[in-house]
Structure formats: C-alpha cells, structure tokens
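In the two complexes that follow, subunit A is the common piece, with subunit B as its partner first and subunit C second.
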Partner chain A sequence: MTRRRQALTAWLFLTPAVLFFALLFFLPIGNQLLTGLYDSDGVSFVGLGNFSRAFGDPEVLHSFLITLAYAAGTLVVGTAVGLGLAVILNQALPGRTLFRSVLLIPYLTSVSIVGLLWRNILDPQVGILNRLLEAIGLPGQTWLSTHPLATIVGITVWSGAGYTMVLFLAGLQGIPSLYYEAARIDGAGPWRRFFAITIPLLAPTTLFVSIIGLISTLQQFALPYIVTGGGPGNATSLYAHRLFIVAFNDNDFGYASALSVLLLLVVLVLSLAQLRIGDRANA
Partner chain B sequence: MRERLFPGDRIAAYVVLVALGLVTVLPLLYMIVLALQSDAEVQSGDPVLWPADLQWGNFTRLFEAAPFERFFLNSFVMAGAITVSHLIFDPLVGYVFAKMDFPGKRIAFVAVLSTLMVPFFVRMLPIYSIFASLGWIDSYQGLIVPFLMDAYGIFLMRQFIKPLPDELIEAARVDGAGEFRIYLRVILPQCKPALAVLGLFTFVFQWNEFLWPLIATSRTEMRTLPIGLTLFNQEYFTQWNLTAAGALILFVPTALFFVITQKFLVEGIALSGLK
Partner chain C sequence: MPSFNRRSFLQLGLGATVLGAVGTACSPATPAAKKQDARTFTIYWNAGHGYQAYKEVIDQFGKDHDLQMNWQKFQWPDLTTKLTADFRSGNVPDLVEEVSAGTGTQYGLAGNVLALDDFAAGDKEFGFPGDYLDQAVVARQYEGKTYSIPLHLTANGLLFYNKGMLSAAGFDKPPTNWEEFLEIAKATTKDKVSGCALNSDPSYAAPYYNQQSVDFSNAGAKQFMMPADGALKALQWMQDLIFTHKVSPAPVATTDYSGPQKLFSAKRAAMFVSGPWDIGPIRQGSPDIDLGVAVPLTGAVQSAAMAGSGLMIPAKAKDPKLSWELITKLAAVKVELAATKEAGMSMPRKSWAADPAVAADPSLATIAKSLAVVAKQDIALSASGKAAQINELWKKAYQQMIIQHAPVEQTLADFRKQAGAAL
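The block that comes next holds the complex of A and B.
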C-alpha cells in the first residue's frame, strides 16, 4: 500500500475522533477562555476583570484554601493507607485476592451511594453510629458539624483507598526481587530493606499517586454536594462547588468561566510536572 | 523459611486487613439492613442491626414515590450508549495510533492525550450553553454525546494493539483485504480481553456519573439514578429506608461487576491505570 493511501485511510478512520475532540474538547476550551473575558451578560468585555475579581473574592479564596486543605489531608492519609494495604497484600497471605477485591468496592460505588450512606451513618439523631455509641454508653458524635472538612476527607479516603492500593501494588510488583535477595545476603533485615529498597524504588509510583490524587481532589464536587451541601455555612464549599454555585445559582457564566480557566491552569501545571518527573524517572 | 518482622506479624497483618475490610464492607451491608427497616425503626433511637420484619414493601413504596424505573432506564440508556460508543471508537482510534504511519500522527496523538489533563469543569459550561441552544437539555443525546470516547480508552487500546504482530496485518493485506476489513476481522478479535475491561469500566463509571447528568437534566423523568436518588433523599429526608432501597438498586451494576471480574479485576485496573 502506498504511503499516501495509508495516510488517507488513517485520517479517514480518525475522522469521528477529530470531530469529537474538536467539538467537545478544544472548541469548549477555547470558548471558555473567551467567555472568561466577558461580564455575566456575555456581551460586555471586561478583559481580565473576572480574574482579578477572583483573586479578591473572599468566597473564592476561602473555597480555594479549604480545597488545598482537603487535597492535602486526602493525599497524606490516603497515600499512607493505600501504601500500607499494598505492602501487606503484596505478601503471600492466604485470602489476599478476596481482600484486594473487597477493598476496591467503594471505588466503583456511585458517589451518591457513598455520600448518602455516610450522611445517614453519621447523622446525629438517626445515624447508626450514634445509636451504637449510645447503646454502649458513649457520647454521640456530631462530626459533620464539628469537623465537616475532616469528615469529608475521611469519606474520600474510605472510597479511594482501594484504588491507591492497586496502584501501589503495581509499583511493588515492578521492583525486581533480585534487589531484595541481594540485600538479604548482605544481611539487611526486613525494615532496612523496606526503607532502603521499597520506599526509594516506589518513588515514581508515589509521585504518580500524589499527582493524580491532587488533580482529582482539586475537582471534587459531588461528595460535599451530597453529604453537606457545602455546609455548615461554607465549611465544605470546595472550589468546584463554588464554581457550580457561581454558574448555576448566580447565573454568572463569565465569572464561572474565569474560575474554570484558573482550575485548568492549576491542573495543567500539575499534569506537566507529572510528565516531566515521569520522564526523568524513566530515563 | 519466612522471615518475621516481629513476633506475631502475620496475625497483626490479618488484624489490620480484617479491620479495614470490615470498615469497607459494614457500611455497605448496613445499606441492606436500612433498606428493609420499617419507618418506626428508621426513626427510633435503637441500634437496629436487623429489622424485626423485613419490609420488602419498601421497594414498592419507593417506586410509587418517585419514577425509579424511569431513572433506571435513563441510566441504562446513558451508560449503555456511551459504552457501545467507546467499544466502537476507542479501539479504532487506538489501532490507527498503534499500527499506522501518516503525516500528523505525533501531533494528533499528543492532542488526544492532552485531553486527559482537561477537568470536566472546563468543558461543562460551554457544552451546557451549546446544548441548551440546541434544545438538548433533558435529552438522551445531551447525556451521551459529551462522553462518546475518551483518551483513557484510546490509550488503553493502543497499548494493547501495539505488541500484536505486524505480520497478521501484512498477511491479510497480501490476501487483498481492505483496510477496514483488516481492522474488523484481524485486529478486533485479538482485542477481546482489553475490550472486556474497557466495556465494564466504561459502563460502571458512566452509570455512576454525577456532575453532568445533574446539570444536563431538569425534568424528573429525565434524571438518571444517582441524581434521582440524591434529589429523592432531599425530598423524603426522613425516610432513609426508602433512600437505602434506591441505593441498592443503584448498586446493582457495581455488584454484578465484582461477580464478573473477580479474577482479573485488580490486574485490570493496574493495567489500564484507569482514573
């Protein structure tokens, strides 16, 4: 087959994809960059006004700061739990396949179920947790009022730990067993081997887990929307929730577009950092 | 012989696993207990670990209170259509990137992969505005079209097709098969395991999708299950038993997924690196 015919065939096969990505990715992104420069009426040009407004908007700043706290908390706790589980389940323990599958269930469960279930469990009046606590004579909790953000972090870790575990398991299986055998012959004990071999050689996986974790937590919307509605007050109104409110409650699409462009910038920087570090790790 | 970290390390490992396993499973099992409780049990302060009488009638009441059969249908149409679309387009595009040479290939591939970095929020508002002007809000095409294919699936299929021997394609070409026929008859049949992973994951993720169906629908009869259930709970907020019954219906595909994939699930996720 001639090169020319192959090129034609290739582009013919790609036509649906070209149309799809042009119309439903690149066109909207371009549109978003432009809309961000206009007022809520979509007609008056305000230049970078929406962006400078965002930096001076206390609601947006608040949402950004609690999103960072949420992302950091989820990352630290989630990584620790996921790594711990992966290390345990990387051993030849009977029943490990069952444990691996079970721990993954929440990850593939609808966020509606996860959110509603935990809202019910933690409800101070009708929740099963307080009923059990009171039955054994302990005071009830009101975590969704007293520690709302930490509670959302906890639920996020609950639903994501299995996935983090799977990523770490893949990383662990990529470490040649030769290294462990050599270290053992040299007299290194299990703890020493963990800190001198496992942790350093898992660094690329840990980085990958951290960055995809950050990217997804920065966009978290559904969980607080369902569990707390962003409350109490605006204690769990994460950045994406604020964006949603600006767009669909305030109907200010210009401002919301500017906010989404800022989100895109942060995610782009993180993704590119991931690519660069990934390249260096592979080199 | 097995080395020990400390005396009883194996027991400690099982204690941790069982504890975390219970923390994972008990809330989901409690969903079943809750769904079968009477209204009185839901309201009472007693720790109900098993309902006195299993209230199967809660499911009937649920369907009378809100059109859950319609929510189910909507979710099924949305997730099903998107899955079929992915199974058609992701391997085709993946094949082109894996096995064909053409000018512009590199830039096209980078363009596709770059979409992985785009948060849905960045596409959401313009797509909403365009669909609103097309009259696609509260329509199936409105729910389906933004997700017809994606870079994850394309990349997964490319990685799977790349190691397949080129000789297969050459031989078919010598036999005079057309290009599309080669793809359909030679490549696709080799892809069955990857297609199974792609199809199952796409279906479950789309079945669970929350943000877009929340925005793209406003009429009750066009809500998908996750949205319908969440809004139902806001309206019937005291009747947690009915909400839990609805949650069980929403959980069915996830449960089936685990039954089907038991064997290759963990390896499948590691292989695809799916979000």
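The block that comes next holds the complex of A and C.
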C-alpha cells in the first residue's frame, strides 16, 4: 500500500472525530469568540471592548475571586476527604464494597436533585437538619445565610467525594504491597508509610484529581443557582452564574461571550500550570 | 476496471456513512418534519398557573384546529431564560405567559413580541381594552401600543394571618397599620412560631416601600427608591423586624418565593404579606388553619404592588392569528370565573369583578379593595430594556439588607448609584 493510500485511510477513520470536534466544539468556541467582539445588540463591533470591560467590572471581579476561593476550598477539602475515604476503604474491612457503592451514590445523583435535597435539608425553618439539632438540644444553623459559600463548598465535596475516592482507590491499588512490607521491616510506622510511600506514589492520581476538580469547580453553575440563586446578595454568584446573569438576565450576549472566553483562558492557564508542576514533581 | 477488496469496501462504507451523517445534519428539515412542526402549537406557561380551566380550553383548541398542543410549564426564571434563548435563535413558541406587566413592552420594543392593538381592534367582542381595569392595561402600553393582554390581575400586599394564633394572643382583628402589625407580631412570637415572615424575593418588599410612598424607579429622572427617607424607613423597618424585634426569621436566599407561605402553612408564622396566589396552597395544604386575608397595611399611605401575568405573541410565531384566537379563549370571562373558582385567582376584567360569584366572595372582595390601592408602575423602566438588569441589582441589595444585615442607608445609596449607571 502506498503512503498516499495509507494517509487516505487514516484520514477516513479520523474524519468522524475531526468533524465531531470541529462542529460541536471548535465552531461554537469560534462563534463565541466572534460574538464577544460585538456589543449587546450583536451588530456594533467593539473589538476587545468587552474583554477590557470585564477587568473593570466589580461584579465580575467579585465573582471571579469567590470562584477561586470556592475552587481552592473544594479542591483541598475534596481531595483530603476522597483520599481519606480511599485509604480507609482500601483496608480489608467487612462490607467495604457496600460502603464504596454507597459513597458513590451522591456523585451519580443529578446535581439538580443534590441541590434541592440540600436546600431542603439546610432550610433553617423547615429543614430536617435543624429539627435534628433541636432534638438533641443544639442550636439551629443558618449556614445558607451566614456561611453560604462554605456551604456550597461542603455540598460540592459531599457530592464529589465518592468519585475522588474511586480515583484514589485505583491509584492505591496500583502501589505494590512490596514497598509497604519493606518499609514495615525497616520499622516505618503507618504515618511514615503514608507520607513516604502512599502520597508520593499517588502524585499522578492527585494531579489528575486536581486538574479535573479545578476545571469543574471553575465552571460550577448549577449548585449555587439551585441552592441559593447566587445569594444572599451576591455571596455565591460564582463566575459561571455571573456569566449566566449577564447573558440571560441582562441580555448582553456579547459581554457574556467575552466572559466565557476569558474563563476558558483561565482554565487553560491554570490547568497547564498544574501539569507543569506535576511533571516537575514526578521528575 | 478497478478491483474491490475488503479494505476498499470498508473505506467506501465508512466514507458513505460520514458523508451521509454530515449531509443529514446539514440538510434542511424535510417537508414531513415541517408539516409536523406546523401542526404543533407551543405555549410557554407558568408552572403555578396550570389550572384545569386553562387545560380544558387548550385541549379543545387543539381539537378544533387539529393541532398538537405543546403546553410547556416553567418556573418564572426558567421561562425567562428559555424565552431569551428562543428569541436569539428565532425558534419561538406560539404563545407565552408574560411574567408581569411591562415585560411584554420590553420584548416588544426589541421586536420580539407583537403589538396586539390591531388584533384587539378587529375583535370587538373580546372587549379589550374597554372591559379591562385601567391599571392592568396602562402598565402594558407604551407610546400607544399594547404588547400583552392581561391574564391575571392581583395585588402583592395582602395580609395573610392565622386567626387562631391572633385570637390566642388576644387580637380579634388583623392589623391595619405598621404599629399594629409590629404589636401583633411581637405578641404572637413564641417558641418556634414567628409573628411574621419576610420573603427573600425582593419583589415582596414593594408593598412596604409603596406604603411609604416610595417609587422603585423614575427612569426618566434616573432615580431609584425615592424619596430616600421613605425608602430608608421602609427597609429599616423590615430589617428591624428580623434583627431587632426578632419577630421574623431571616429568609433564606433561594429562587423559591414560597418560603413565608410554607412557614405559615406549617404554623410557624402567624402573619405574612403576599398575594392571592398563596390562598390556594394554604387552603389545600393546611385546611385546618383558620386563614384570614386582610387588605394591605397603612404606613404613610395604604398601598399594594400590582402583580399579575399577561399573554403575549412572539413576533416570529407561526400563525399570530391563531395565537390571538387562543388568547381570546383563555381570557374569556367564563374561563376567568372558572380559574377563580378553581384557584382563587383574581382577574383583570370589569365583567369578572361584577359577577355575583366574585362580588359575594369575601377573599375576592378583599383583593378588589387592594387593587384599588396598587401603586403606579414606571412604564419607562420597562421601555428602557434595563428592567431585568436593575431588578437583579435590587435583588442583591435587598438580600444584603434583609438576610446579611447590611447597613440600610449605605446599601440603598449603592443600589441607586449602580442602577443609575446601568440605566
């Protein structure tokens, strides 16, 4: 077979995937970029005006900062919880398969249901949590009013802990038991083994978890929309929620498109930075 | 003659599949699909207004015209989002329930919904605008054009109270002014019961500031929440109900505006301020509550906020005449009366108000009295196209004051500044 025929065959097999990505990903992204160069009327060309406007918009800056705080909180707590659960359920405990399955249920549940569930649980007046707290003599909570962002972080961690646990479990099971046995013979205790063997050898998994987590948290929209509507005030109006308000409430699709392109750039930069840091650590 | 082996057939097959898939995706709709689409009549409706009375009309309309009726119901924010996306794409429904007076004007001035005056003028039997209460009509008009037909007309500002709780606290009548309201709220607050319950939805603040003669906006003068001293008094009083007098729980920020009604239905609040849409859920959900509905309170003046949805026809609707015909059927007085009987909803027609069944109903009589004191709306704000943006700013300010205990005077000043800039 000639090289030309080989290339043709390869292109034929690649064409569906190329078309799929071109039509459903790159074309909309290009369209988004183009829309971002126009005013809210969709006719007046404003160049990079919408992009520069974002840097002076206090609402956008606020939403960006709280999104970073939300992402950091979710990544740190979520990774710690997922890793902790994985380490526990990697032991030969009775019923561990059942626990693993149960812990994965929140991740498999629709975000709408998770949001509505927690909104009802946390409602200070009619929610079940305060009924339980009252029943055991503790004061009721008003977290959705007093600590709304931390509450959203908590719900996200609860929802995603099972998935993180599964990833870490896979990583843990890839670590040869030989290392632990050798360390035990050398007199290393459980903490020493955890920090000297488990954590370093889980670095690729941790990197994957943090990149996936970062991308999903920076794009988070549904939970604050359902649980708090972005409130109280704008305390949980994350970047994607702000973008939604600009598009569908303010009807300014040009500016919203520019904001979404900026988000894409931020996600790209942070993900690449994480990859480089991970590569250096692994090297 | 070319030779065909198994690999060649595979390549050809794959190529044909790809070309077929792309061709299908890029081709225009088939005539059969277009025909099917033409026979489907799509309506966007509020989820809380899916009354049987309307369902019967819509079903019959479908049968009469051999149409597949696609009656889609949404919460208001979701309806607004979907409609905005539809207007952008050009793929619009045939009839839409309008969230509130003025929304249609905003869409109409942007060319997204039709002015309905010509339809109404050609349909004298329908009785628009002659048979409609003025305030419902005027709020939907701009520069001589009417962009929606009123469907419901209600007042936000009715006082809901639990007669049993008030009686147990020694009150045999509901409060009529702010001083009495506070006195009764204090007297009925005990254990797990709050004297009253405020709403996290900012539109529920309107009766309070209207009762201090405050206008939300004067778009022409780029002014908001003026006069300032009245606005300060109203919002400070609301904040004090929660944080100083502790007669109301701080509401929770959600997209759900039924929090106070749920508290009231659970017998955890003795009073709240709302509109007729909460009568049905309370009567159905808690029939053991002896529900009282009273006219709006008097602050500096007695006042309520106008509420109530309308009907509008998207400019790109397939057959606007057909859409208009359905409007005339849905807004007919006999359908209005049926919806009132079913859900207690109040309506905008004069002939509805004059009906003996309406006149004899004490709750509806209260609503009618409340409609007489509704505050005027700023039509210019809707016409500016910035109403939704400014309402979002107000939502932020209101929740900061009522939920997060932000200083009222400073928050109001910030809101005025931001709203003025947005306009």
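Methods note: the second predicted complex is superposed on the first by the 250 of 283 C-alpha atoms of A that agree within 3 Å, B and C clash if a C-alpha of one lies under 4 Å from a C-alpha of the other, contacts with A are read in each partner's own complex, and residues count from 1 in each chain.
What we mean here is this: a residue touches a chain if its C-beta (ideal position, glycine included) is under 8 Å from a C-beta of that chain, and two chains touch if they have at least 3 such contacts.
Note that this is a predicted model, so its numbers are computed, not measured.
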{"item": "Touching partner for A:T15 - first (subunit B), second (subunit C), both, neither", "value": "second"}
{"item": "Subunit B versus subunit C as contact partner of A:L144, first or second or both or neither", "value": "second"}
{"item": "Subunit B versus subunit C as contact partner of A:I121, first or second or both or neither", "value": "first"}
{"item": "Which superposed partner A:P200 touches (first subunit B, second subunit C, both, neither)", "value": "neither"}
{"item": "Partner chain in contact with A:D250 - subunit B first, subunit C second, else both or neither", "value": "second"}
{"item": "Which of subunit B and subunit C A:R3 touches, first, second, both or neither", "value": "first"}
{"item": "First (subunit B), second (subunit C), both or neither touched by A:P176", "value": "neither"}
{"item": "Subunit B versus subunit C as contact partner of A:G233, first or second or both or neither", "value": "second"}
{"item": "Subunit B and subunit C contact sites that coincide on subunit A, given as residue numbers", "value": "9, 13, 16, 125-126, 226, 247-248, 253"}
{"item": "Subunit A-touching residues of subunit C, taken from the complex the two chains share", "value": "7, 11, 14-15, 17-18, 21-22, 25, 80-81, 84-85, 88, 200, 249-250, 252-256, 259, 262-263, 266, 268, 385, 388-389, 392, 395-397, 399-400, 403-404, 406"}
{"item": "Subunit A residues within the subunit B interface of the complex", "value": "1, 3, 6-7, 9-11, 13-14, 16-18, 20-21, 24-29, 31-32, 35, 81, 84-85, 88-89, 91, 93, 97, 99-106, 108-113, 115-118, 120-121, 125-126, 128, 131-132, 134-135, 158, 161-163, 166-167, 169-170, 189-191, 212, 215-216, 218-219, 221-222, 226, 240, 243, 247-248, 253, 256-257, 260-261, 263-264, 267-268, 271-272"}
{"item": "Partner subunit C, residues of subunit A touching it in the complex", "value": "8-9, 12-13, 15-16, 19, 23, 119, 122-126, 142, 144-145, 148, 225-236, 245, 247-251, 253"}
{"item": "Residue ranges of subunit B touching subunit A (in the complex, touch as defined)", "value": "3, 5, 10, 13-14, 16-17, 20-21, 23-25, 27-28, 30-31, 34, 42-43, 45-48, 89, 92-93, 95-96, 100-105, 108, 111-112, 115-127, 129-130, 145-146, 148-149, 154, 173, 179-180, 183, 204, 207-208, 210-211, 215, 225-227, 229-230, 233, 240, 243-244, 247, 250-251, 254, 257-258, 262, 265-266, 269-270, 273, 275"}
